[in-house]
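Some structures to go through are shown next.
Here come two complexes built around subunit A, the first alongside subunit B, the second alongside subunit C.
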Partner chain A sequence: MYLFRLALGSLANRRFTALLTVLAIALSVCLLLAVERVRSEARASFASTISGTDLIVGARSGSLNLLLYSVFRIGNATNNIRWESFQHFAEHPRVKWAIPISLGDSHRGYRVMGTSPAYFAHYHYGRGQPLRFSAGRAFATDPFEVVLGAEVAEALGYQLGERIVLAHGVASVSLVQHDDKPFSVVGILARTGTPVDRTLHISLAGMEALHVDWHNGVPARGAGRISAEQARQMKLQPKAITAFLLGLHSKAATFALQREINEYRGEPLLAILPGVALQELWSLMGTAEQALFVVSLCVVLTGLIGMLTAILTSLNERRREMAILRSVGARPWHVASLLVLEAFALTLAGVLLGLALLYLAIAASQGYVQSRYGLYLPLALPGAHEWALLGTILCAALLLSALPAWRAYRQSLADGLTIRL
Partner chain B sequence: MRHLLLALPLALLSPILTAQEHEHASLRTHEHGVAILNLALDGQILELNLESPAMNLIGFEHAPHNEEERARVAALRAQLEQPLELVALPAAAACTLAAQELEGRLFAEHEHDHGHSDIRASYRLTCAHPERLEALDLAAFFARFPATHRLAAQLIGPAGQRGAELTPDNPRLLF
Partner chain C sequence: MSQPLLELADLGFAWPGQAELLDIPRFRLERGETLFLKGPSGSGKTTLLGLLGGVQTPGRGSIRLLGEQLERMSAGRRDHFRVDHIGYIFQQFNLLPFLSVRENVELPCRFSRLRADRARQRHGSVGQAATMLLEHLGLPAGLLGRRADALSIGQQQRVAAARALIGQPELVIADEPTSALDTDAREAFLHLLFAECRAAGASLLFVSHDQSLAGLFDRSLSLTELNRATKPVEI
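== the complex of A and B ==
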């Protein structure tokens, strides 16, 4: 204990260098922990883009492809599926709810999705959070109503009641506009931090009405055209949709239904478990995540080496200190352990300061990060993994301090009291 | 008589129709060395479902031709009927086998013999303390069936859906 007091006293004598060293370690520790926390939260939030959905069903292709276009609105479906197939499984006794999804149109770079009111009731994200309206309501019986995602409304400055024109296809500059059938904004969803924010939602009837007078991929001309008013009078029943989401009564039935869908005779279908596909997708992106971790580990190593340098350079100027200690009866191993304790004290202070910095940063940025990126950073105590990292840093510091300790040990043997001034 | 005559082509047609339907049934992938393990935990019920090419489990996919092969099929069946010896569950969870089903052309008495063949084993277990199910260990499974190099696992637990890949070096699946 008296050794530790001596080490602290000696450090206090060199408080400026010591403080800088502590700060360097603190910053590196803070960075490492922040990267770890963002990494684990990003993974969790990615996994919670969709929640509560037991199966996603689309035309037979790859599971990642299906996940990307149905949930992330990236890429396109290889095929559509028949409305009868959707009805067959929506009425299946094991199915609690079914949400149809129809994609293909866009509005100024944002995807338009045709769906049913069930979407607003049953689509969940995060830890089972439902979709909420920040203004207005879901689309009702009129086919020409649209509900905007939060980002769409914010970026394009749309308010309730605005009339907007959708474009055919998903290119950001589209030549064919559905300008004969404008939609009015009836609802705006609250921010979710998921692709829902970047989507315009219309009813399946609306999607059908847009294309009701289209033939061979182009809109009809002249007398063949069907106006919005005429379309309202028609029976707007889609023949095909892009995909559908299913929620089941019992989770245990998921695999059985997945098998039944994959072996459906009506047409080739693919059912995937969103949680499993998300994990598959995340593991593809895992390399970048690993790289980030390695970089922050290197920063910690730099901090520790900085500390090592500071201690090593101080050794020369502290020859007198060592000599005096020796003269009052300190043994060489006393001197050596003094240096080890010094390194330990510096690192411990660095780690504690780093933790304090981390929590300060999280407390300051929590709200912004949550609303902007949909990432919830909890002010929780470090988990087992983080404690292990901190422990490793302390051990590494002790290991590194063996170098100056060994040198001091040798010097104090050789120099003894015969120091030349 | 006329009605009968009219019905005749239909009667002849119907087996053809069903045969065609069979051809349209999907062709599932079949990769030797890889098996699928599905697990779903709902309340106290743990559904466990193994699907594997017969090759992984027994070394051939045809119906047993001789006494030796018949003995091996019987041994495999006996083994698969004791799933708790292949899949180690935490003893604290107190799981017992409630129902099981084995499917596979290999187990059928008489069958026409062509192409690949899969074996599907479904188990239903009841666990008195499902919250104690932390992990399950398939080391015994890999030791017993060394021709299985990889198990693609899909898991539905209290924490949601997860996928995992199990290998002889990494045989533990965390819930």
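== the complex of A and C ==
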């Protein structure tokens, strides 16, 4: 124990270099832990982009494609689903609720999704959180009402009552505007940190009304046109949708129903389990995420090598210190242990400071990250994985310290009591 | 004739890759004796002191301290033996700058149980022993808690002397401890050192290139005469 006192005293005597070394280690540790926390939270929050939904059903194509357009609003469906198919499964005895999804239009880069009021009741994300309105209400019977995702409202500065025009298609240039049928904003959803924030929600009737006078992908001209007022009087029943989400009475029935849907004779359908598909998608992005981890490991290694350099350079100017210790009875292994202890103390201080920095950073950015990226970074104590990382860093430091320890050992044997400058 | 404290026989030593530096047929130091060993710088005085403490091992010959042969001991045992029985004072920079004066004096007791026990026996506690020694050596009590490098050179040498003496080692080895002091301070320091060695019953082996101090010692020797290894005279 007295050796520890000596090591700390000697370090305090070189406090400037020691402080810099500790700082370098602390920053690298903080970075590593931050990356780890963001990584695991991103994985968790990615996995909970959608929750409570048992099956996602679309026209038969790839499962990733279906997941991407139905949940992430990326890409397009290759085919539509007939309304009868949706109704067939929505009324299936095992099905508790069904949410239709109809895609294809956009507004200034944001996707427009036609759906039913069931969406606001049954769509869940995160750890089973329902959608909430930060202002207004869900769309009602009037087909020209729109509910905005939080990001859409914020980025475009829309308020309740605003009248907006949707565009046909999802390309960003030269879109045909549905300018004859403006929508009014009746609701704005609270932030979820999921793709819901970037979506404009209208009723299926609204979606139908937009396209009621379209034929073969082009709007009618002249006398063929149907005004918004005329459309309101019509029966706006869609003939097709893009996909639908199903919640079941019992999870146990999921696989049976999935098979039933996949073997449906009405038309070729594909049902996927959101959890499995999300996992698949995440593993595609795994490489980038692992690269990030490796880079932050390298940063930690750099910090440790910095410490090694600082200790090694100090050895020569500390020959006198070693010789004095030898003259008062320190054995060469005492001298070696001093250096190991020194490395340990520096790294431990670095790790602790790194943890403090991490918590400070999390406390400072928690709210922002949560609302901006939907990542909830907990101020929790380090988990087993993080402890293991920190332990590994300490072990690596001890391992590295063997080098200066060995040199000091040799040096103190060679120098003996002859203190030469 | 009683057994001497220290006895060398046919000692030979060379640093790796260098010519033989020391070749000493015989040398004795009696118990309680103060001996002045003179030699020009570079003549191997410090090297000899390292051999006597078992920090280096001789190429040949034997070193007997308190009847035990140092060169036959294991390295670890030698280290123990040294701190148990020898106190060292160097030319200068004797102290660990980051420790307090008191902690510097107590250092040998941290590594030697024997000396810690003796200090306790005589003064009640290691801390008390340090306080007493420093007081006897004329260091103001207010300095005990100061960092060692806050002291003047003269004060530092007294602290070093107190450290060499704590726990009553049988031998005090002083390697030109006065060369950084001015003439008046030198004699004053020596008188304090003698008094404390006498009080502790320690022998004193004092090496220096400065002949003027020789008269104060029981006995005086010249290393160049003692040492058969021929050495070109340094300018």
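Basically, the second predicted complex is superposed on the first by the 418 of 421 C-alpha atoms of A that agree within 3 Å, B and C clash if a C-alpha of one lies under 4 Å from a C-alpha of the other, contacts with A are read in each partner's own complex, and residues count from 1 in each chain.
Methods note: a residue touches a chain if its C-beta (ideal position, glycine included) is under 8 Å from a C-beta of that chain, and two chains touch if they have at least 3 such contacts.
A quick note: this is a predicted structure, and the numbers were derived from the prediction, not measured.
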Exercise. Is A:Val328 touching the first partner subunit B, the second partner subunit C, both, or neither of them?
Worked result: second
For this session: Determine, under the contact definition given at the top, whether A:Ile74 touches first (subunit B), second (subunit C), both, or neither.
Result: neither
For this session: Report for A:Val295: first if it touches subunit B alone, second if subunit C alone, otherwise both or neither.
Result: neither
Problem set entry | First, second, both or neither for A:Ala12, with subunit B first and subunit C second | second
For this session: Once the structures are superposed on A, label A:Ala220 by its partner contacts, choosing first (subunit B), second (subunit C), both or neither.
Result: neither
Exercise. Which partner does A:Glu280 reach: the first (subunit B), the second (subunit C), both, or neither?
Worked result: first
Exercise. Both subunit B and subunit C contact which residues of subunit A?
Worked result: none
For this session: Using the touch rule from the top, collect the residues of subunit C that touch subunit A in their complex.
Result: 46-47, 49-50, 53, 55-56, 75-76, 79-80, 82-84, 88, 90, 93-99, 107-108, 110-112, 163, 175
Problem set entry | subunit B residues within the subunit A interface of the complex | 21, 24-26, 28, 38, 40-42, 45, 47, 49, 154, 156, 160-163
Seminar exercise, completed: Counting only contacts in the complex, subunit A reaches subunit B at residues 47, 51, 54, 60, 250-252, 254-255, 262-263, 265, 268, 273-277, 279-280
For this session: Report the residues of subunit A in contact with subunit C in the complex, numbered from low to high.
Result: 2, 6, 9-10, 12-13, 320-321, 324-332, 334, 416-419
